[in-house]
Structures are given as structure tokens and as C-alpha cells.
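Okay, here's the structure, questions in a sec.
Labels for the chains are A, B, C and D, by order of writing; each one numbers its residues from 1.
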Amino acid sequence: MNVIVEREKGLLELEARIAELRSVAAAQSVDLHSEIGVLEAKATQVAQEMFGAMTPWERVHMARHPRRPLGSDYLLALDAFDELHGDRHFGDDAALVGGLARLAGRNVVVLAQVKGRDTKQNIARNFGMPAPHGYRKAKRLMELASRLGLPLVTLIDTPGADPGIASEEHNQSEAIAACLTTLAGVKVPVVATVIGEGGSGGALALGLADYVIMLEHSVYSVASPEGCAAILWGDAAKADEAAARLRLTSDDLKKFGIIDEIVPEPLGGAHRDSTQTVADVLAAIGGALDTLAAHSPQELLDARYAKYRKMGAFLDTGLPTVGAR
Amino acid sequence: MPIPDWMRLPRANAPQERDATLWERCPKCSEMLYRKDLEQHLWVCSRCGHHFRMHASDRVHMLLDGEFQEIAAQVAPSDPLHWTDKRTYPAKIAADRIKSGLTEAIVVGTGTLAGQRLALGIMDFSFRGGTMGSVVGERLVRLFEHALHHHFPVVLFTASGGARMEEGMLALMQMAKSSAAVKRFTDAGNFYAVVLTDPTTGGVSASFAFQADVIIAESKASIGFAGRRVIEQTIRQRLPENFQTAEFLLEKGQIDMVVSRHELRDTLARLLGYVAPATVPA
Amino acid sequence: MPIPDWMRLPRANAPQERDATLWERCPKCSEMLYRKDLEQHLWVCSRCGHHFRMHASDRVHMLLDGEFQEIAAQVAPSDPLHWTDKRTYPAKIAADRIKSGLTEAIVVGTGTLAGQRLALGIMDFSFRGGTMGSVVGERLVRLFEHALHHHFPVVLFTASGGARMEEGMLALMQMAKSSAAVKRFTDAGNFYAVVLTDPTTGGVSASFAFQADVIIAESKASIGFAGRRVIEQTIRQRLPENFQTAEFLLEKGQIDMVVSRHELRDTLARLLGYVAPATVPA
Amino acid sequence: MNVIVEREKGLLELEARIAELRSVAAAQSVDLHSEIGVLEAKATQVAQEMFGAMTPWERVHMARHPRRPLGSDYLLALDAFDELHGDRHFGDDAALVGGLARLAGRNVVVLAQVKGRDTKQNIARNFGMPAPHGYRKAKRLMELASRLGLPLVTLIDTPGADPGIASEEHNQSEAIAACLTTLAGVKVPVVATVIGEGGSGGALALGLADYVIMLEHSVYSVASPEGCAAILWGDAAKADEAAARLRLTSDDLKKFGIIDEIVPEPLGGAHRDSTQTVADVLAAIGGALDTLAAHSPQELLDARYAKYRKMGAFLDTGLPTVGAR
């Protein structure tokens, strides 16, 4: 059960009533101006209270909202997109879609993790969890982008890489690991955007980038809050506490220097205005591409190495004074 | 041989199951083994061949001709998330230091193996389950950069439960950080071999563990991306016994060889010989 | 539009099933189709969508805005093995020239597609079953070298029964020769797309056909390494209907897209647009 | 039925009788000198008649002789060899073995197609017909050799690439095609040797090399004689004629410039002295490596391109005068 879906029901009722009053007013030429004004003020107040300051756990649910714009919505909004299928060896993975695209006046290669909107779609797309042949298709297209000099744009939205038997048999570890070395070496700008759930290594496989954007209420985490809670407290119900501890929100991650930019969402979440949200994200990506276009391949590679080289928090002055010696 | 700091940590003084007794029970065949014999046999059960998890310092002694020049020993964990669950992160670190006698889940440095100089990194499951946090990432990168500069081959021993939760996304980013270092190192024509030991999973398996030129696994080691329990919960059925074992991975074409611990040093010596014909004085 | 030599060969004069009648029977649904309509519909059955094999000259007309500047038209087969079975190799060549109106199993040259200049190669099954001999290899390499020099993208249409037996190992070596040319071309950052048409097998599928950046297949085209009959003989059972079809390959992750012939020109135009933003005057 | 095996029976009987006489002579101190001499002369004469000039079809059978030295025999004769397994994605193919090796004082990467010696071995090694994951392992090791600067040595002995359902499903075409582009681009010397059957594209996948050696009675062909006969005459029994037409012997191929060197076999074929044959082949490879070692990577790449660039036989002066216009 999604806590945001539950909580926004009251707001949706309020908005339905406003719409109803408006149509009554229009149809019967009654002046309901002040009644509507009161309800609108109320709706705004409710929305502010609900969404003005969300807990990390609420933001996890926002990131998983069933009406949140999906990878496929972004692909549809591109100026042009031609999907390229398959890893050439084993299969085509609908959970990780890639192709040639035009975005903000540039030709790019785009890679997007895509969840389904309903159960049927989710089964076809394996709930957005890529298999090894999905990551191998991604690697193929990363190399294509690098060779053709096309910038690489990735959209991240996955609970994690597929944890099934076949995926282990086909070496999921190597598939993700190979994406990471490939991204470390591509000679073109790489812009990654977390648009929903950034679930662990399966997300990072598309996330080693020159510039990383997060949609405001997306989350990006070393482990799912449920999994983390189960490990730490043997109790998945403490996921809300784990969500808070993991520092998985966009503002936390910006402070840690793990992401570079946050794209704000409409009050109440991206799904309240999907079209605008998608446009805002694509504009942010376009801006990043403009900046990166000024750099030579070698400059990009050096800057990318330097960026990840300094990631981490540690002491470098000998043993810290934690614990006894 | 000057003993590095981390070997001087008071491991032996701590009350710990391994150090507390003269005897060890083999978890596979239940044989009671005399600890001194076990050490002599490289922590391999003389009855059933079970490979015990091995301490990093024991591995160093097993592999190197003599001295181990540790690198980045002073790089130590901080607490960027001010993490606390049942205990604080610093408290966990402090406890594991005493338990393991290690300053972190990896030690890195240089030495010679059968007369051939190499950069060596050894993870140890007894420190935070071999999880990768910022220190593991930083020590790894310093090792690869040092080896790149000196054109040494790199040999890593992995043992890891994955990324370290207590450092959140900073831990996950060590996958990217170490991958970038591996890429630079191997692109320059240097040799990188890995030995996967029990267990190697998650963020470590999905980054530097599977980026090596040659991938060896110790007999029967458990290796995979997702944990066994996670998969069993997902598919709601029990997995076959050999699933995610070294032998299973060999059959599936994922690794180059499965090697018994007794053969490991000779195997590595031969592999280094193929890529580093010039030997240094031992 | 100046008509290249090979288009002037007396194809229409030869008694040939395709040219002899006003009507064609669809081999798939048996519908009788008026030949003029069929040409207009790009040789696609208006009833069932079956894609007839298409003549290279028809493909050129279908794809290009106007002129086709042929390359290497004068490169012609010799008879290095002095081959003879039921007929001599030269006799077979001569007969196929008349039958197909082509000088060899591939034509290569340059032109513009939707205003974008490209290097284009089209194989034709009606000449020696589209087999690859020395001329196919040489023409391909000259095309790739020309395109490399001018930084043009390359688009190839394949249709082939494999290497040409009558040239023995010289034919097999064309796989190596063309692969070397593809490698040079793509390594320099140039774009190479292929359209697999019915049938594409053997030495062609196992070389330049599957070395392209983007691999398109025409609907229902039969594509594979080993021939259907060889596999059936080996496994002693019948293969499923859709085995080695374009659609099967898409499902198995082997190709990027299956495209109906009606969409082919627009698809190629878009693909070229991604990699060659600067258009030339049409 | 192997025609060479049939025909050498008489010779083997003769040799057995000589050996028998020798042991009788030794045991009973009888002087059988002249009898033995007569038989030895006879044996030499028979061998000369049988093997002095063989037809192409006989040489095909020699190449397939059940006691011919196999890929595995060469690997065992190396100064050192450590097998590397697997394509990292799907499986390990015993029909195509690779690893790090020492040969004639050099460290190399070796790739060998390996048939079985008996039925059990042949099933394990799929009769020497590699599957896609075999070729992908080969590609991985070619890239490793190139990156580490180790020369690449390949040993070719296959009836052809595996023609099964699974191999088609996993894109046998692409697997071979990728070996070819990879070999075209490796920055190290490549020496290929046909030691038995060089069957079509499945053999060529290891055959794009700076220097190509053939063992005298090996064959290297665009198609099997049986397959060729079936296609041309609808009659596989005409394989002997096809074998002659295809020009698949080492001397023919040397004339065409397709191979660079022939290593002679003992009279009667390689299996008559496997140890010596294997040593001769390895020495020839060592010699080729010595020559190639003098060249820079760029020189190797340029020479390799030029070598294959000029392969083929065609007219370049307009339409030849074959047939009517």
C-alpha cells in the first residue's frame, strides 16, 4: 500500500468537489465564486500540509507512486526516438530500453529503466528490474555512443537488478560491473537522471556519469529501506526508520556531492503534472549536455575520474579515536 | 619483517571463538581439528577439504615471500551519516577492530610472490562482513594507482557481503570509484587477477570482483550478485545445493578457474609469470 | 539520372519467370497479383504482406533521392580454381548475368537518401544466390574505404546463401577481408547500418552482416548461420515455423529492429539523421 | 569410414611382422637380418606408394584421422599452459580451449579448437564444433592478449561451427563475426595454424592472422567436400570430386597466398610420429613469432590489413568476356 496514494485521496475528493461546483456554476449560471474560493484555499492548505515537508519514507512512496511518470513517458516526450533492441547474444530486455534519440536539439543515445504502469506491463517489464542481457544491451549502446561521438543520457528507475535464478546463471554481477567500467571509459558526455527509484547496484549501472540529476522526490539508495530494516532489525516494518537513516533523498545526496542537480516537482509530486515534470527533466538534461559539450573527450574522462576519485568520506590521519586500542 | 600496524592490533587478546580454543569444529563435516594443524593446512579441513574463511594476515603470510609494504593503512572510516541502529556505526567499527584485529575490511600493499612484485589487496569477512565503505574504496583506488604508476600487476582477494549500509550512498559510490580505477589500470595494459573467496556478493561482485582479467575462485566459495535468501524469497522455492558455488560459476562460464587453497600460491605465481617475465630479486 | 552500366544489362530481354508475366503469384498466400501493382507496392503482397525478394535496382530506386554513383562496377569475377561441376564457373556467371541483369551479387555506390549522403551496398539473391566471392569482397571493401575517406555512413542490404563455393577458400577469405574493412571504418567513428533481407546466411551472416552498429531485418526474412536443412539433418527433427525468422531473431536479442519494407526508407532516414546531422543539398 | 585408416592396415600388419621378427631374433638369437631387411624395404615401398602422392580426398581423411594429433596434444606440449574458462556470460565450451601459455620462450595467449579422441570425449567436446559461447570466450581472450601485449597463437581443427538450435538462438553468426573484427584489431602478433580440419567460417573465426601455417595434410575449405557435393550434384558420394575441385590442400592454398607456410608431416601422416609433428608445428609458430616480434603494433595492424585487403581473384578492367552480353 502506497502511503502517498492513501493520503492524497482527501485532496483528490476536494479537487473533485471544486470541479463539480465549477460545472454547476457554469451550467446553471449560479455565482459560486466564494464557495469555490474557500474550497480552493482549503485544497492548497491541505496540499501544503501534506506535501510541503515529507519524510524520507513518504518520499520513497512518492518515488514509487503508481502514476509517477515512467521511463517510457520520457521516451515518448523526446523529439525523436528509435529503439534499438537486444544484446546481440541472448535476448531483449524490456526493463531496460535504449536507442537513438533527439533531445534538446542534440542527437544522443538514451538508456532508460522502464517499469510498467499496470500488472500486465509490469510482468512484461519485470517490474523494472533489468536482467543481465538488459545490462549487456546497455553496454553495447554505451560503446556505440562512445564510438559515434553521441552523448549518453540515462534515466534511472528500478527497485534493483533482477534477483532471479536465470540472472545469477547469466552473471548479473559481471553484467553490472561491465557497465561501470564501460561508463568510466566512454569518450562522450554522460548525463544520468534518477526519475523514480534508484535501487542499489542495479541503478548505479546506469549512474556513473559526468553529471547526475535527481527529480526532487526520487530516491537513490544503497539498499531498499525494507531490506535494510530486515537486515538491521529483523523487521521490515521499520522501513520508515531505515529510510530516514539511509539518507536517500535528493537534498541529502546533493549535500554529499553524489548528485549535481535537483529538478523540482510540482506540489504533490511529479504525477500531479507529468507533462511539465517530464519537460523540466529533459530541459535540465539539455542544459547539462550544453555545458559538457564544451569539453574534449580527454577532459571529460579526466573530470569523470576525478569526480569519482574523491567520492567517499574517511579519515586520513591514522586511526580515528573510535573504540579502544 | 616489520609488522604493519594492522597486524599489531590486539586481535589475539580479544575473546573470540577462533582464538579462544585449541580446537575448531569443521562446519562442513563436524570434524574437530587441532587449531595448529588447521593453520598449517591453510585453514583447510584435512578430512573434507572445507575451506575455512581465512584472516587477511594469514593470507598475506601464505602468499608473500617476505615483507608486506602496506599502503593507505592510515585511511580510516568516519561516520558521514551519523548512523545508528542498535549501535552507532563508530561502535560497530570499534568492536570489529577488536574482533578482527583489522582496521578495515581490506588491507592493501605490495610485496613479492615467488620473486615477482605485485600489488595485493585482501578483503576480510570478519570486519563488517567484508562490506565496502569509503575506506575499502579509497584503499583499493590507492592500490590501483600505485600499481599503475609502478606497472605492477594487481591481485585482489574478495570476501564481501556487499556495500556497507551504514555509509549509505557513499558506500554504493565506491563501486563506481573502484571501477573507474580498474578501468584506468587495465586500459594501460596492466594485469589484474582476482581470487573470489567465500562469500563474494552484491556491490563487490558487481564491481571490481568481476572486472579482472583472470578470475579465480576458491573451492566451494559462495559467489553471486543477489543473496541466496533474497532469491529464495523472490521465487518462493529452495535453490539447488550447488547454486552460486565456485564450481557452479565455472560450469556457467563465469570464472576462469576454481583453485584449491593449497594450489593458490603456485597458480598465482604462474599467472604472474605470463605477464611479468622480469623477476625482481626475492 | 544517368543509369549505371549494370542497370543497362539486358535483364528485361531474358526469359525469366519474373519478367515473363503480367501477373505474379504470392508464394505465401497464393494471391495473383498484378505485376505493376506489386512494383508500386515495393514487391510486398497487398493481401498478406509477404515481402518478395527484390531486385537490387528496385531497391536503389526505392531508397535514393536520385542519382546512384556506382563504385567498382568494373570489378568482375575471374575463375581462379578453373571450376567446373555441371557447368563451368564462367558459364554460370554468364547465365546469371542475363538472368539477373547484374554483373555480380552486390552493387555498391553512393547517393543521397532524404538528402543525406550515404554509401550504399545492395546484395541480390538472383545472382549466384547472393553468394560472396572475390568480387563481392572487393566491392565491399572499396565501398567501406570510399566511405571512410569521405566520412559517409554505410548502409548495406544483405541477401546471401553464404560464401561462393566456386571460388573455394578465396571466397571464404572475403569474410576476413570485409571484416577488416568494417573494423577500420567503424573504429574511425563512422556509422554502419545493415538491412538483413531474405535470406541472409553463412559466410555473410557470420561476417559483415552482424558487424553493423544497427541491424535491421525485413519482416519475415530468413536469417541464420547454418541452413535450416543442415540443422534439421543434424538434430533429426523439424524446426519450428518461426525459427531463424527476423521476428525470432528480434525476440532473441540478435537484431535491433524488424521493419516492414514500406517503413524502411523512413527508418533509414531517421537513423542517418542521428549520426549525420549536417544534410547535403538534395 | 576413414580411407586412410583402411589403407594403412596393410602397412601396420607389415610393421607388426617386422617387430615380431625382431623380438624373435632377439629372444632366440637367430639371425633374421635379411628377412627383416626385405620386409622393411617392402614397408617403405608400400608407404611411399600409399602416401607419396595422395589425392585431396585422401588428404581430407588424413586430416580427420582418428589418431591425428589433436589440439589437446599441442596444449600438453607447451612449455606451460593455464587454461582460462568461460565467456563470462553463458558457459564454457570444451570445443574451443584457451589460456595463457609459454611457447618457444614467449608468453602467449593460445586458442585451440579441440576434438575428442573417442566418442565420450567427442561428446564432451561436441566433435570440435564450437558454440557461440566458445567463440565469445575466444574473443574475450583475444582482447586480453591485445591489452596485455601477449602474442596470440591459434590452432584450428574443426568440421565447422556448431549448427544446432541453441547455437542459432545465441547468434552463432555474430559470435564468429565478432571474432573476425576482433582479430582484425588486436595490437599483437597473431599466428594461426591449421592442424587438422579447417572447416569454413567456424575455422576462419580463429584464422584471421598475420601469419598462417598449415600442417601438410591438413585441409582448409570453404565447405566440407560432402556438403559441397550434396549441393552441386545432390550426391554426397561425389565428395572425392568435390575435394579435388575445392582446392583445400596446403600446397594449393600456399599458391593462392592464403597461407604462408607448410609444416611437413612424416611419411604416412602426422599420427605416425605425433611427438615430432607437434614439436615441428610449435617450432614453426615460434619462428613466426620471432619474425613478427620485430614489428610495432601499428605496423602489424597495417600489414594485416594489407594482407587481407589483397585477397581474392578478380578482373578489374571492366566486364570479362565470359558469356554473352
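Basically, a residue touches a chain if its C-beta (ideal position, glycine included) is under 8 Å from a C-beta of that chain, and two chains touch if they have at least 3 such contacts.
Since we're looking at a predicted model, the values are computed, not measured.
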Which chains, if any, touch chain A and chain B both?
-> D
Counting C-beta pairs in contact, does C-D beat B-D or the other way around?
-> C-D
Centre-of-Cα separation between chain D and chain C, whole angstrom | 33
Approximately how many whole Å separate the CA-defined centres of chain B and chain C?
-> 54
Rounded to the nearest whole Å, what is the centre-to-centre distance of chain A and chain C, using the mean of the C-alpha atoms as each centre?
-> 43
In chain D, which residues are in touch with two or more of the other chains?
-> 88-90, 170-171, 174
Multi-partner residues of chain B (each touching 2 or more other chains) | 187, 210, 252-254
Looking at which chains touch, is this a line, ring, star, complete or other?
-> other
Residue ranges of chain B in contact with chain D within the complex = 186-187, 189, 191, 210, 213-214, 250-257, 267, 270-271, 273-275, 277
Note which residues of chain D are touching chain C in the complex, please.
-> 161, 163-165, 167-174, 176-178, 180-181, 184-185, 200-201, 204-205, 207-208, 220-223, 227-228, 231-233, 245-248, 253, 256, 258, 304-305, 308-309, 311-320, 322-325
Complex contact set, residues of chain D against chain B | 80, 82-93, 100-102, 107, 133, 137, 144, 147-150
Residue positions on chain D within touch of chain A in the complex are 88-90, 132, 136, 170-171, 174-175
Would you pull the chain B residues touching chain A in the complex into a rising list?
-> 5, 9-10, 74-78, 80-81, 83-86, 90-91, 93-95, 97-98, 103, 133-135, 137-138, 141, 163-165, 167-177, 179-184, 187, 202-203, 205-211, 223-226, 230-231, 234-235, 239, 243-244, 249, 252-254
